[in-house]
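Two complexes come next, and they have one chain in common, chain A, joined by chain B in the first and chain C in the second.
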Partner chain A sequence: MFPRPIEHSPRSWQLTYQAMLPAALILWLLPLLAVAVFSVKPDADFTTGNYWGVPSSFNFVENYGKVFFASDMPRYMLNSVLITVPTMIGCVVLSSMTGFALGVYKFRANLWVFFMFVAGNFVPFQILMVPVRDLTLDMGLYNTKTGLVLFHVAFQTGFCTLFMRNFIRALPFELIEAARVEGVAEWRIFWFVVLPLMKPALAAMAVLIFTFIWNDFFWAVVLTQGAESQPVTAGITSFNAQYRAAYHLMSAGSIVAALPPVAMFFLMQKHFIAGLTLGAVK
Partner chain B sequence: MKVFKGTIAALMLSCGFGVSVQAESLSGTLKIFSDMANPAPRAVMEGMAERFGALHPDLEIELTVIDREAYKTQIRNFLTANAPDVANWYAANRMKPYVDAGLFEDVSEVWADPIFADLASTKGAMTLDGKQWGVPYTYYQWGVYYRADIYKELGLTEPANFEEMKSNCAAIIESGRKCFTLGSKNYWTTGGWFDYLNMRTNGHDYHAKLTAGEIAWTDEGVRQTFANWRELIDMGAFIDNHTAYSWQESLPFIVSGDAAAILKGNFAVAPLRDAGLDDSKLDFYQFPAINPDVELAEDAPTDTFHIPSGAQNKEAAKAFLKFVVEADNQTLINNGANLGQLPVNAKSSVDDDKFLKEGFAMLSSNSPGGVAQFFDRDAPAQMAKAAMEGFQEFMVKPDNLDKILARLDRAAKRIYK
Partner chain C sequence: MPSSIKAATPPSWYKRNEIAVTPWLFLLPGVAFFLLYVIFPIFQSINVSFYDWDGLGEAEWIGLGNYEELYWDDAFYVSLRNNLIWLVLYLLAVPAGLFIALFLNQTVTGIRLYKSLFFFPFVISQVVVGLVFTWFYDPTFGLLNEFIGLFGLGPINVLGDERYVTYGIIAAGIWPQTAYCMILYLTGLNAVDPEQIEAARLDGAKGARLLWHVIIPQLKPATFIAFVVTIIGALRSFDLISIMTNGGPFGESRVLSFYMFEVALSEYGFRMGYGASIAVVLFLIMLCFIAYFLYSMYQDDKGGR
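Coming up: the complex of A and B.
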């Protein structure tokens, strides 16, 4: 099932592999490379039709300078942080508690409650667009960061609960029983016994949620408008002027917007991969 | 709110005593919603609010700038629910839904002010049912932007009529180039072509009636327009595969010299200049006459200010509207450092820019037939969409004309009923 290490295969296959890999990589990364190259091109390169060639002048400082100092991008970035971080915290806090309850206590409706959390993941979120938009409008949360955070927390908690509950189930139950025998209060068991053991899961989940929410475009467009509340994924279109789109600035903006999740991935790579496989094999 | 009504009452009282509404007497709050969200227009709007505020120290101005696209959907909400005192919008048919719904205030009284005598060129665009519903603050010309160096190389001159336009084009094709670049992936680019061909073939009034649904798409006049268009298509005047390009993607053809001209609004000049076409290489001519019996008319999309009928401080709003169209203000906000477009007040001076000067002269003195707004502003949104899709199809498959016109006729019957 797991791919066999390449050293074990015949030399001819190794050579093919080594030749194919860079080609596949380039093909795979071509759009990204194009965006990266475009982000240092001057505006005129688009009008002269120089889409793929060498930049006619190296405008790194101008373009990125404009993105940071002459546009609403910093504002959008801040919005993204203010949306992503509270969502991350909210999901982790809620789902560690729901996960604990569903994983440790045996009550009659346990499985059904758990299924309800899981079922939320099976709902294609696009069909929620109109009701959720109306709901936030009625609650006065339309076009606010709070509205977006609350929705994300509500929607992501389902997935996180599945994740946490399965992780807690996998912990040795004897630890909890031993604590109970000692007469430790239930909340202290959660806080001092289970939570420290959950640290890898918490880290993995926080990283996953961070990338999910940071990259969310759909809800950002549906629930917010304007620089005071929109996150960066939606804000990039603000480089579209009335008459023409500033593709070079949009490229630079995209690169900037993509940096936090990429940085997060490289810094927390271990947790990220753990997060993807955690709960997959219970 | 009470204080507010008090000030209005005081204002009215002062009017009653025959004291004209002086600048100083405006007070309260003036709420302005604007869609001028890009950096330069935004600065213009903020500058105007600031200067108007300086004239009226007792007036507090609240300016809300909303992203242009978002504004288009939000306006429906805020005009009914939470109306500002002044709002940006567009002229002609684009304001019709709000006028018909009673959401815009009739400002004919403002237009009675002598200053508006200098705004004759745009008055028609602001008039519906014989009344005016807003004031313009900027517009820009459309026309043919061409490569002067290519024309010179081939010994061509700016065409004075359609025959010359076609003979020029034949010479350009002969030299291995295309006459016009076009990016019909943006359907509206074909709307510009239709506007000009139809206005030159049948005249502005006919065109206005067609976009207002009073003339059928199957009319003989429309067929004549398409016949003229087809002459250009059949001779290969347009670049190949134009449906694959957006209007910005169509610019490289004129920059590289593979196409000699583009029919476009003045906003095309900035990117073309950036791409290295200086004034010796890029020039402008008015779309030539086709039918000598009709007067020349131009497309000049106009952006406007309106007073919502739910506005609270209408006195201040009216004063602001007058302030906007003043010659000095028009000169300032439309200069190259700001909007870089044309002032609507004929007494304003236009920036020292070749294209703005030509456009200003053309619209002020050589557009006797009238000024149209542009196809997608003159026709209702649904009709504009259906028609421009039809134009694009026609440009690729001219033989489908009968089918297209029949389809547009059916659409028109549904939309204008």
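Coming up: the complex of A and C.
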């Protein structure tokens, strides 16, 4: 193990290390902690200039209550859910199919199709912006959640295919050959042999897509406007305009907007990290 | 059904060609979607960049007119310069991530929770990161100025000063990116061969030399991915700029991706053709990296099945 395990070093250094950990963590998360403190302060603290002192009262319920009951925030959150979840499902369905095709079969165009997905996935968003916006307008889907979902599904399929194909390649190929010898139809091999083995990859991909799409800002701005379809990342700017200089409410709003992916991460940590670090080890 | 009859009927066309046809059936929906929304738009954008078009009326063919205008456009060079600064400084996230990973690669009580909490900034959206750092830099109450005030310095208005603004935004971007690189390296460190380390230690290698000659070579896959995601992230920077400064002050914090959006889709007018030409330039820069990534993946793939 590198660096040398701390158990093998002198007691004094062990204690120093134990003390350094929380200190480093606090320093690392300082900007976030500041926002968390802001979000429970009463309005009066900001007008009297008590920015960093102890909150004069603990206003958790008031501030977060206002975010949830006196603003468009719940609406934006719901929009985000209605955009994120269908995208997740769409990507998982499409890319388990493309990943299966590219991971199992040998045909001449295989690598080219694969590279098309990979290259497309790295492209800057701006080169897609004008045509995709036009396409969405032409389909009458501008400023709808559906328009956003369709684009996200298509774009994320690139990343997911890369992921799925590599995962399927690592599966024991003998299983598929054995099924073929038995005369099992190809689509049944997909459904009954490969898909059950892909469960961990499906879970990892679902959490990753959830986070990516929830946090998307650019496409939300390009393809939607207004509270009826905008997700929370775009909505928070209008929320902030509504509560300009009300830092306690803006902080509370930001924390609420950031929470779902954070919760997802902590609940599905193993899958999340497995997904992100795919390929980081040989 | 008696087996004699079954054997007599010739297998259907699909049955005979099952292995050749199935992959295409499975690829069809995904590929069609991807072509429609990603691949065709790239070419459409390239095409649009040769027109003068406001997005609604008739498009007028002007050949290389947009590119000629770019050549004389100071804002374009400011954005290009900032893109380069982003690219170079953003890569600091890679060694920073390695450093934190080395710091956290121990087995003490609660280390798992520490690792997750260090990873935290990557999970929250860039919009929130932008807001958080805007307040962090605020000249009247921001923590940064409170801190340097202790030394009798400041206040400095990081986001309002054209000299510092890009660096301020990059610092905000490096924060989550470092967390990502850290998690890549933590996973990589887990897979480092312990026997090699022991052998090197017996030979008297330790500290920085051990790290450089034994550990880092074994971390190569993690380093490769860290570089890929960091470079892509640097060239994609948009959210932070849009949230923190909206390109200002005086357009000094623009990058190509932001400038393109501003030209094509904001109150300054809908100049789709001009915007598309900026996007094409950004695309060409990215293409160099994409080609390199694909090339190394291809080399890798030849070794595999």
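Keep in mind that, in the parts below, the second predicted complex is superposed on the first by the 251 of 282 C-alpha atoms of A that agree within 3 Å, B and C clash if a C-alpha of one lies under 4 Å from a C-alpha of the other, contacts with A are read in each partner's own complex, and residues count from 1 in each chain.
What we mean here is this: contacts are C-beta pairs under 8 Å (C-beta built on N, C-alpha and C of every residue); 3 or more make two chains touch, one makes a residue touch a chain.
Worth saying up front: this structure is predicted, and the values here are computed from it rather than measured.
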item: Chain A: partner with more touched residues, chain B or chain C; value: C
item: First, second, both or neither for A:F107, with chain B first and chain C second; value: second
item: Partner chain(s) touched by A:Q225 [first = chain B, second = chain C, both, neither]; value: first
item: Which superposed partner A:P55 touches (first chain B, second chain C, both, neither); value: neither
item: Contacts of A:A241 with chain B and chain C, given as first, second, both or neither; value: first
item: Which of chain B and chain C A:A70 touches, first, second, both or neither; value: first
item: Touching both chain B and chain C, residues of chain A; value: 49, 237, 240, 247
item: Chain A contact footprint on chain C (complex, rising order); value: 18-20, 22-24, 26-27, 29-31, 33-34, 36-42, 44-45, 48, 55, 102-103, 105-108, 111, 114, 116-121, 123-128, 131-133, 135-136, 141, 143, 146, 175, 180, 183-185, 187-192, 194, 197, 206, 210-211, 214-215, 221-222, 225, 232, 235-236, 238-239, 242-243, 256-257, 260-261, 264-265, 272, 275-276, 278-280, 282-283, 286, 289-290, 293-294, 297-298, 301, 304-305
item: Chain A residues within the chain C interface of the complex; value: 1-7, 17-18, 21, 24-25, 28-32, 34-35, 38, 49, 51-52, 94-95, 97-98, 100-102, 104-105, 107, 110-111, 113, 115-120, 122-135, 150-151, 153-155, 157-158, 161, 169, 173, 185-187, 190, 211, 214-215, 217-218, 221-222, 233, 236-237, 240, 247, 250-251, 254, 257-258, 261-262, 264-266, 269, 273, 276-277, 279-282
item: Contact set on chain A toward chain B in their complex; value: 42-44, 46-49, 70-71, 225-227, 237-238, 240-245, 247
item: List of chain B residues in touch with chain A within their complex; value: 37-39, 41, 66-70, 74, 248, 251-253, 255-256, 265, 267, 271-272, 274-276
